[in-house]
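The chains carry the letters A, B and C, assigned in the order they are written, with residues numbered from 1 in each.
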Amino acid sequence: MSRNQKTSTVFFIILCLLFIILTFPLMATGEKEKAKEEEPTLVWVHHYLGGLNPEGDKVWIDALYKKTGIRIKIIKPTESEYQTKVASMLATGEQIDLLYVDPDQFATLTKDNPDLFEPLDERIKKSPILSDTKKFPKSAWDTIRQEDGHIYGTQPAVGLAAGGTLPIVRWDWVEKLGFASKFEGNKKPTLDDYYELLKAFAYNDPDGNGKKDTYGIALGYTTYEMNPFFGAYGMLRDYAKDKDGKIYSPVTQDAAKPIWEYFQRLYREKILEPNFVTNKSATFRELFMTGKVGMICYWDNWVPRLNDIVKSKNPNSSFRARAIYPPVGPEGKQLLRHGGGSYTAILRNSKYKDLAFKLLEFFSTDEGAMLGTAGVEGYDYNIVNGKIVFTEIGKKIGQNHGMKPAWNWKIPWEISPEWREAMQILAEVPGDIQRYYGRNGDQWEEIVGIDAAKIIRGEVSVEEGLKSMRKRLKDMGLVDY
Amino acid sequence: MTTNYKIRKLFPIYLMAFPAFIWFIIFVYYPAILGFIVSFQKFHLISKNEFIGFENYIKVFNTPNFWNVLINTFVIGIFTLALNVACPIIVALLLNEITRNLLKRFVQTSIFIAHLFSWVAIAGIWIYVLALDKGFLNIFLEHIGLHPIPFMSSMKFGKPLVIFLIVWKEVGYLSILYLASITTINPELYEAAVIDGASRFKQALSITIPSLVPTIKVLIILGITEMFKLFDPIWVLRNPGNSQTIDTVMIYVKLYGIDRFQFGYTSAISVLIFLAILIITIATKQGLKYRI
Amino acid sequence: MIKKKQRLRINEPSTGFKIFNFFILLIITLTMLIPLWNVTVYSFTTDLESYEHTLKLWPKQFSFAGYKTLFESVKIWLPFINNVYITVIGTILHVMVNALAGFVLTRKRFPGKGFIVLIFLIPMMIPGESIIIPRYLVMKQLGLINSLWSVIVNNIANTFAIFLMRNYFMSIPISLEESAKIDGASLFTLFKKIYLPLSTAGLATISLIEMVGKWNTLFSAVLYINIPERYTLQQALKVLIVNTESPFTSGLSIPNNAQAAGVIVALVPILLFYPYIQKYFIKGIYLGSIKE
């Protein structure tokens, strides 16, 4: 190399090194983040706590700090990396104080690690807020009591924290097709009524464009959410325990034949949207919103959101989503699935268990309920003339900041009549939560789905399909019969 | 040779190998050894792990559907490997024949694009194309009087779908590797062939392809290791309609190992996979007469 | 210096073949471009239209709503800069380390060669899943958690790249090395002045592969980085779709046009950069310099 080239190379190398060294503190500082004094910071791992983005999170965390004096750090791993992230953190001794668990996860984590979480029974008894039996009766606590008899969270499956799934229909289509009288106020519609309605959705051209491009009902993940229909036979998905203590899955038993035949028929007659195996929730929600399908079975709190989303983008649309009473079976049974059973638990080896409990307690107060649902005043909503008005950001997040009230809290902002109706239906119709008995719900869906897909598509007879379902579950040791 | 000379000669070699060497030790071998130890333990998240010997390994063989999953892995793996060698070569050869530089670059960029998408995006897109009622392909089938086929959720089409999508996604990217090799071929060889009256086809057969053989060998050996690690495409494409026929070993590792926080089990399967890959690689190496 | 010459076209392929070639490549190109076009179109639809699940070739109503939502929900500048940082540094280190390691493998018979080959080859056979957690521990022990260097360091040495480089080095005629040695060149000089310049196709290839990989980093970023200021681009974008899939988390619903916009925003830099690197594996490096 010539002298010139040599100098320029050396110069270039020095420049690079300088760049790396200078940006190192900016980009590279590891664990030693600016130590925030002696103030303890609790680490809360949750799916969807806080705001819509890091900025929203910060606003929410600051608001929480102002109200409780406790500072937290939220870690929201993405869905697919959740398990790995939690596992890595726990296995390498990273600080986690609060962890959001659903029943599946709780069972999975505590199977080999029974001492992972802190039982909260004593603390609840001593807490003035949580021991209020009017607000939290014993039946409420029983909804989250674990197999070992203890309670590990402060949010029973009651109130907004629970909700439930029910049939949601395009009411504007219902009216257009002449079914309004049949379904308006009808608390016990029959399966035949439903069949007629769904058939009309598919064949009577409800969107009026002259083409047969609509379906009656859409499902997703193969069997989701068939619960309102299983409820007509008094069953729900997942597991149940019989009087001898044996575990079985009701919808795989022969008693469930009629319902499977019902769906087989819906598919055969092109009333059931055919992509039910590959559809996700977002898919069937969107099919519903874009007028491709007349009914979906989904969560009550989506009824107002579906209306809001469509109306905000297309104010002139006739779209109106409403919940209706679920079908009644031939024996007069009617059952809806309630949610809940997921909550935030405290890690036993957390250094700040008392503070963590104080936080959880806070969310069982009215103020906490506001923060956990509506969000932060001035950011998510404003109070105008004594009424709560949501900002653009507040509307986007849909009044769910991660901690919904787990008692029958009176919602202080105006809620749509459609939602009020849906909640009314949930309150009136008998309901129950899906049970897992320490088993995994996703796994149930996968295993049962194999034969469910075949049955519904008519590739096997219902008897064969159900027999195969039971065998698969039994081979995996998940059921007794 | 004096020892001094030997050291002076060898030292640069060792020095050059050192960065890679030390990186592997820190980020691969050390974690792997830790993992190996865990495979003999019952992994506790916060308390001490206990040693349980070969229990995890036995559990692996008792996993329901284990043999089924193994077969899936093999079948999908072998077909994918074979097509992942053949198709990119053909594409590279075809690409090589394009004279206009701009067109060549355009085509090459376009076929490379699929590699840039994540599997999530790819599955999302092909779900539209293959959907039962409004999918492009099924509409076409209905037009010509056939029954629509649930491509994305049927047992029959599970494996072909996965194999097709993997090959499709990577053909652009793999063909680059071959294209780069083709550019290193001495043009004089072609000149000589033309003088001997060889057709273009014959030229490709006797000059281009043989010179690609070293690259092919490397990609086969490396492809074998990928065979067992197949995960991403299966994860996004699986559903109850096809899971029985496309679930691979790594899917089981995720479902029954990582997602259940069963790390002893995870490590045990990984050790077994490693041994399997090792044996097959050695056998292939002998078979291909591949000298390092 | 080594001159680069145009590759001579000796004989033109027949027109029939040209057309056949054109068609095949056209079909393949279309299967790649249509999905990309589809995503692009979706990124320019209105919120409501983006909920439709069909193949679109043009938006019914053109709208920037998706991009607006994207840039409002995600502060893109910082992740973008983080991405550039990790991609540039990561790729440079990757190329340096693997080129050196690959070169070592071209040296004939030296003590410890077999050992080094094994050390380089074995990591590829180890399934990644089993070393995720131990590697997390290593990162923690090195103090790299929450540092962008955890992501940079994640794939510095790579078996595939090493063997690929070795291959490209092996295609360089030995006579060049011999004549340089006669002139008294040391190993480093050999590497720097002969092997490196003549294997630009290989270097370009592994740079490209690593660049794309680093640019799209998601998994390791989610694992090692908890500070929003250090999120990579894909990680920051994932925030957009984080809740739309789970049936249990209601509340956040980001319309598809914003998600599509996210895909496009992450893709565009690569697509813009790609043509620059492409010329290295299209243009031939003429080796006729042997005569000179």
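Just so it is clear, a residue touches a chain if its C-beta (ideal position, glycine included) is under 8 Å from a C-beta of that chain, and two chains touch if they have at least 3 such contacts.
Bear in mind that the values here come from a model prediction, so they are computed numbers and not experimental data.
Undergrad: In this assembly, which chains make contact with subunit B and also with subunit C?
TA: A
Undergrad: Using C-alpha centres only, name the chain that sits farthest from subunit B.
TA: A
Undergrad: Subunit B to subunit C: how many Å between their CA centres?
TA: 16
Undergrad: CA centre of subunit A versus CA centre of subunit B: separation in Å?
TA: From the centre of subunit A to the centre of subunit B is 36 Å.
Undergrad: Note the residues in subunit C that touch 2 or more other chains, in rising order.
TA: 53, 132-133, 137, 218
Undergrad: Please output the residue numbers of subunit B that touch at least 2 other chains, ranges allowed.
TA: Residues 131, 258, 263 of subunit B each touch two or more of the other chains.
Undergrad: By the touch rule stated above, which residues of subunit A touch at least two different other chains?
TA: In subunit A, residues 84, 87, 91, 221 touch at least two other chains, as defined above.
Undergrad: Where on subunit B does subunit A make contact in their complex?
TA: By the definition above, subunit B touches subunit A via 42-47, 64, 127, 131-133, 148, 150, 152-153, 239-241, 243-244, 255, 258-263.
Undergrad: In their complex, what parts of subunit C are in touch with subunit B?
TA: Spelled out, the residues of subunit C in touch with subunit B are 7-13, 17-18, 21, 24-25, 28-29, 31-33, 35-36, 38-39, 53-55, 96-98, 100-101, 103-105, 107, 110-113, 116-117, 119-135, 137-138, 153-154, 156-157, 159-160, 162-164, 167-168, 170-172, 186-188, 191, 201-202, 204-205, 208-209, 212, 216, 218, 234, 263, 267, 270-271, 274-275, 278-288.
Undergrad: Report the residues of subunit C in contact with subunit A in the complex, numbered from low to high.
TA: For this pair, the touching residues of subunit C are 46-48, 51-53, 73-75, 82, 85, 89, 132-133, 136-137, 140, 142-150, 218-219, 222-223, 226-228, 230-231, 235, 238-239, 242-253, 256.
Undergrad: So in the complex, the part of subunit B that touches subunit C is made up of which residues?
TA: Touch list, subunit B to subunit C: 10, 12-14, 16-17, 19-21, 23-24, 26-32, 34-35, 38-39, 91, 94-95, 97-99, 101, 104-105, 107-118, 121-122, 125-126, 128-129, 131, 134, 136, 168, 171-173, 176-177, 179-181, 183-184, 186-188, 190-191, 194, 200, 211, 214-215, 218, 221-222, 225, 228-229, 250, 253-254, 257-258, 263, 266-267, 269-271, 273-274, 277-278, 281, 292.
Undergrad: Can you name the residues of subunit A that touch subunit C in the complex?
TA: 20, 23, 27-33, 47-48, 52-55, 57, 73, 75-79, 81, 84-85, 87-88, 91-92, 94, 102, 163, 220-221, 224-225, 280-283, 285-287, 289-290, 299, 301-302, 305, 309-310, 313-314, 339, 342, 396-400
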